[in-house]
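Look at the two complexes coming up: chain A is in both, with chain B in one and chain C in the other.
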Partner chain A sequence: MMSEHTGRDPVPQPLLRVEGLRVAFGPYEAVRGVDFSIAPGRVLCLVGESGCGKSVTARAVMRLVEPAGRVTAGRILWHGGESAEAMDLAALDSRGRDMRALRGPGMAMIFQEPMSALSPVHTIGEQLTEPMRLHLGLSRKAAEERAVDLLARVGIPNPRARLSAYAFQLSGGMRQRAMIAIALACSPKLLIADEPTTALDVTTQAQVLDLLAELVRELGMAMLFITHDLGVVAQLGDEVAVMYLGRIVERAPVFDLFDRPHHPYTQALLRSVPSLRGPRPRRLAAIEGLVPSLAALPPGCVFHPRCERAAAGLCDRDDPAETATADGLRTVRCHRVEAFAS
Partner chain B sequence: MALFLLRRLGAMVATLVAISLIAFAVIELPPGDFATAYVAAMQANGVVMTEEEIAGLRAAYGLDGGLLERYAAWIWAILSRGDFGQSFEWRQPVSDLIWGRVGMSMVVELTALVVMWCVALPIGVYSAVRRYTVGDYAATLFGFLGLAVPNFLLALGLMYLSFRLTGSALSGLNDDRFIDAPWDAARIADFLAHLWAPVLVLATAGMAHLIRVLRANLLDELNKPYVVAARARGLPEGRLIWKYPVRVALNPLVSSIGLLLPTLISSSVVVGVVMSLPTAGPLLLRALMSQDTYLAGAFILLMGTLAILGTVISDLLLALVDPRVRHR
Partner chain C sequence: MTAEPILALREVTMTFPVRRGWLSRPAVLRAVAGVTLDVRPGEVLGIVGESGCGKTTLGRCIVGVHPPTSGRILLRPRDGGPLRDITRRDRALQAELARDIRMIFQDPFGSLNPRLTVFDIVAEPLRVHGEGGDRAALEDRVAAMLEKVGLRPDAMRRYPHAFSGGQRQRIGIARALILGPRIVVADEAVSALDVSVRAQILNLLQDLREEMGLTILFIGHDLGVVRAFCDRVAVMYCGELVEVAPAEELFRAPAHPYTEVLLSAVPEPDPRLRGQKRRIVLQGEVPDPLARPSGCVFHPRCPAAFDRCRNEAPELTSRGDGRAAACWRHEVVRSAA
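So, the complex of A and B:
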């Protein structure tokens, strides 16, 4: 069905493979069976509306949803360790030594709001040197030297002076750069970025995205990038996974997905992005209806009440399984995919 | 920072003047003065004083001058010589009376304060971090009990128990044999042996309050993004809790320590009376009841001064612990 070449090298061994991940908060399942994998040096973008479970998925990978939430099923296979065998993070104690040892040198996270994700009463230097002293066993002096280099690397002017600055003394863009430096402190193999540019103004957004793209290229780390901004996906991603109500409905290499979206939800999402080229539509396309509540999920395919191609007797009855294209590059979760994707 | 300090000190002096005026006015408010009270007391004992004797008394204590005149004389003596006047009732200079008492109050209350913090801090943190566990419920129950039971009742209960069990009534801060004795090792040992009871009573109520406030503050902080971010850096849970959210949750409490200064004298009045402690509280109460003008005035002035000092100390502490205040 799909024949075009993605223009990429063959996908290397994954660094992280998530299988059937489920996360529940009390009686509500925010993530309802998610599969994806990320290879070293690659960027996977997780897109979707607010509340679709993309942030929860990202946090679950680092086992940061506990104790409010709980990973109820699935495996989080980490291939970044010394041994050839993968480590299942879902089976680890979320507060235990093994999981803690991974946070920092294995994977690190950049948060949405740098202001609230940085301590209001500790200096940037303190928060930046902390993981290095903890995981790499550096002395305060050595850690500070490395911290200065890192701050310079992420484009913070006068880095040595910034070590003693507090979060509220920096501008939004500088704060997010400092946050990126903290995430990079122990040279993680996987960087998880949870909407890192949402709180920034447009120019700063572009700068921070450029910086992230540069860092991924330069350091060869993998990145899981959470966003609701399809423009960002096009700029940064190698692969995209589109989430809807706790599930990945479509996953594909970035340009394939933009060129030929298969899932009706993906198609609708792409239509709702205003375009600067072509004739100007009278109204911006929107997806009809509201996202159902997690407490009252519709039967069958959860998207069917809003789907223009939903077939009665099928979509409102059976939950569609995930199907992969012949080359295995794309997966779609839709009954009707054969009917319209061509 | 220097400018801030200077401004605060200026405001402090102005407020002090106002407080001294009010203190003096309050002393003068009740009808009559010490002389009339004294004469009445003597008459009750069957001693009749002549007009001349009464006039002599009034002249001796300067009771016939104008209001401002009396105020000026009072305040000048304090500022120039540290002389707070004469206690009518005790026939002693006020300054001889109060400093020993105030010192004793400070020792008792500060010890109670330290005990209170040392116990309340870990309990409060525990009860927030392990919310809705048995330990939290126990701390909460203790908290409500401590808040609801009046101090004096606790003191009475403790004294009753001690009397039933050991035969000693747990009163005072020293055995009678040490009255007017020098502060040698034996007296200090005896003092420490007496100290625990009032400290326990005074610490309990404050502790209960502190645990509740700390728990509430910490619960607000525990789920903040900066805590999750610190967890994402791989910090061990215990270290993380104490370093980040507890540190932030303590800010408002640390800054309120200064406000406790004036209560060092006034808070233990009832407990002081019940346990017959030689602290400032009971003396203040007595001075107010017997219209002992200069003694009461000295106390009110002292408490006002401590209150203002406490506010300034609070501001400085807050600036010290919270960079957001310091760098503004």
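So, the complex of A and C:
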């Protein structure tokens, strides 16, 4: 079967291209060579379990890992600037003027826990209008009008009254919406969302996911969406990158990935998610063993100790390279992918 | 089919006084409102609902953390015989029940004392209940229990920080099961775990349940997990039970509009369902538990509400097929299903 991604071909030129990104915290490498790109109007989901490096990757793009961590190698190519030349964000000073000018109108981020991302001592209105006045040069009055529009757009009832509300006066879902409005304040070209619905109840999560999908469609934003929930990926993503221990082990358009996962880790992850449909499983499929620590990475393929298809003398010795399928839409990092990608 | 219950809740209500600001009079928050439910021996009963629906408070009432404000909790004695009222517990009764009803907590990091070794943690219930004899005998029992939950016996010499989330949850399970309880209340016991590890722990609980004949009250919010793990499911909204049904049935054809809404909101791991799944968008928010709506608690948000729902509160009514729903429309919904 040929690949069918979401029927929005052809793939436009990327807005962001990340090549060989490595991020280290002291002696430990949390991201060990990651490549991906995102085009405007598209959603790339980075999915993986805790400690796989998905959040660190997202933060590195915003250059928010310093000073605790360091981008040690790779390029973060930004095509969203005025010039035709891409700008390498990895080469910029993380606290310098260029990077600061980019955060807000270029790229913005939303987080899992709005209560710790929102300021407790500033009103929602202050937090919304500050970036507009700073980056867009709007007057107080114009910024307030835009703030009201944005709050209404993200579905906050009675938006004008909410301008003077503090974060603690809003419910969880409303806080998450307020944070999305703040991220959208300067119409960013790229929205980075780090588990924005994980702390929400399912009905609220459904509303927030619908909202994000709508915004991407309407505004033509690109979105990098970090999650551990494959259900969310299936409902929202155009492309999916599965991460394990600091690497992308498989990347593919969303239908291809769910229809025919190639990497044994992707296959195991998909099996371990219980669905609401189909026969009820007697037992859930688990992945045996534990995620190894970054301080003691196994030799060869890092997944081999938990992989049911690992071959002795190969997977426990050689680190697999990333291979792409003929159509170039899918990449997999596995020695044995030929053997069992049916 | 309907076995005699091992645990029965009768109109259990738990209220908390809440003071909003120092000048106002305290208001009454009804966290659990008149819950009546039979728990059958050997079953896994799921209790689901969104945050603030009272599922955790209900679990705590059963374990004995809070005595309910009103209503009764009844337990079948170990030797069979008639149900015994365990609503009000003095120290002696609480100590006795602590053998029968144990709890597994959500947070594998917060629920284990970091200054105790795994041996101390798992052996503590034995010591408190004056069981187990000398150190060597205790160690034997702890070692056996650790093996049962899939940990090596030498884990007992180490401290909780040396273990991952999934391993800590195994330690919590060992502590809960070492006294050989009959009922386990698992409050979001796998919610903090990664998917691959979550499946390991659920399978472990499934094995232990068969081996030890446990009855499990599984409090959770992940409906996929609840469907796979539970025999029956009780759905709570605003402190009330709105539906109780066998898991298979509940997920196939929900009887209460709120259950339907919940199921429709779950993002399913299948991109083909994108846009096809009819998502029911709920209006408004969960009502303030201090200002409960009149009539049915769900009526202000219910897509199917009519006049009667605004004025009269429906009771949880059995539909005769092992299912019960608290909804004036359940007959209508049923015929449409």
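Going forward, the second predicted complex is superposed on the first by the 334 of 342 C-alpha atoms of A that agree within 3 Å, B and C clash if a C-alpha of one lies under 4 Å from a C-alpha of the other, contacts with A are read in each partner's own complex, and residues count from 1 in each chain.
Here is the rule we use: contacts are C-beta pairs under 8 Å (C-beta built on N, C-alpha and C of every residue); 3 or more make two chains touch, one makes a residue touch a chain.
Because the structure is predicted, anything quoted here is derived from the model rather than measured.
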So, on chain A, is it clash or fit between chain B and chain C? fit
On the A-aligned overlay, A:173 touches which partner chain: chain B = first, chain C = second, or both, or neither? second
So, A:234: does it touch chain B (first), chain C (second), both, or neither? second
Just to be sure I read the superposition right, which of the two partners does A:268 touch: chain B = first, chain C = second, or both, or neither? second
Partner chain(s) touched by A:91 [first = chain B, second = chain C, both, neither]: neither
For A:324, select first, second, both or neither according to whether it touches chain B, chain C, the two together, or no partner. neither
Of chain B and chain C, which one contacts the greater number of residues in chain A? C
Classify the contacts of A:161 with the two partner chains as first (chain B alone), second (chain C alone), both, or neither. neither
In the superposed model, how near does chain B get to chain C, counting Cα atoms only, in Å? 5
Of all the chain A residues, which ones make contact with chain B and with chain C? none
Contact footprint of chain A on chain C as seen in their complex: 50-51, 164-167, 194-200, 202-203, 206, 221, 223-225, 227-229, 247-248, 251, 261-274, 279, 281-282, 285
Which chain B residues qualify as touching chain A in the complex? 223-226, 228-237, 243-244, 247-248, 251, 321-324, 327
Hey, which residues of chain A end up touching chain B in the complex? 59, 62, 64, 68, 95, 100-105, 108-109, 111-113, 116-123, 127, 130-131, 134-135, 166, 168-169, 179, 182, 185
In the complex formed with chain C, which residues of chain A make contact? 49-50, 171-173, 201-203, 205-207, 209-210, 228-237, 254-255, 258, 268-270, 272-277, 280-281, 283-288, 290-291
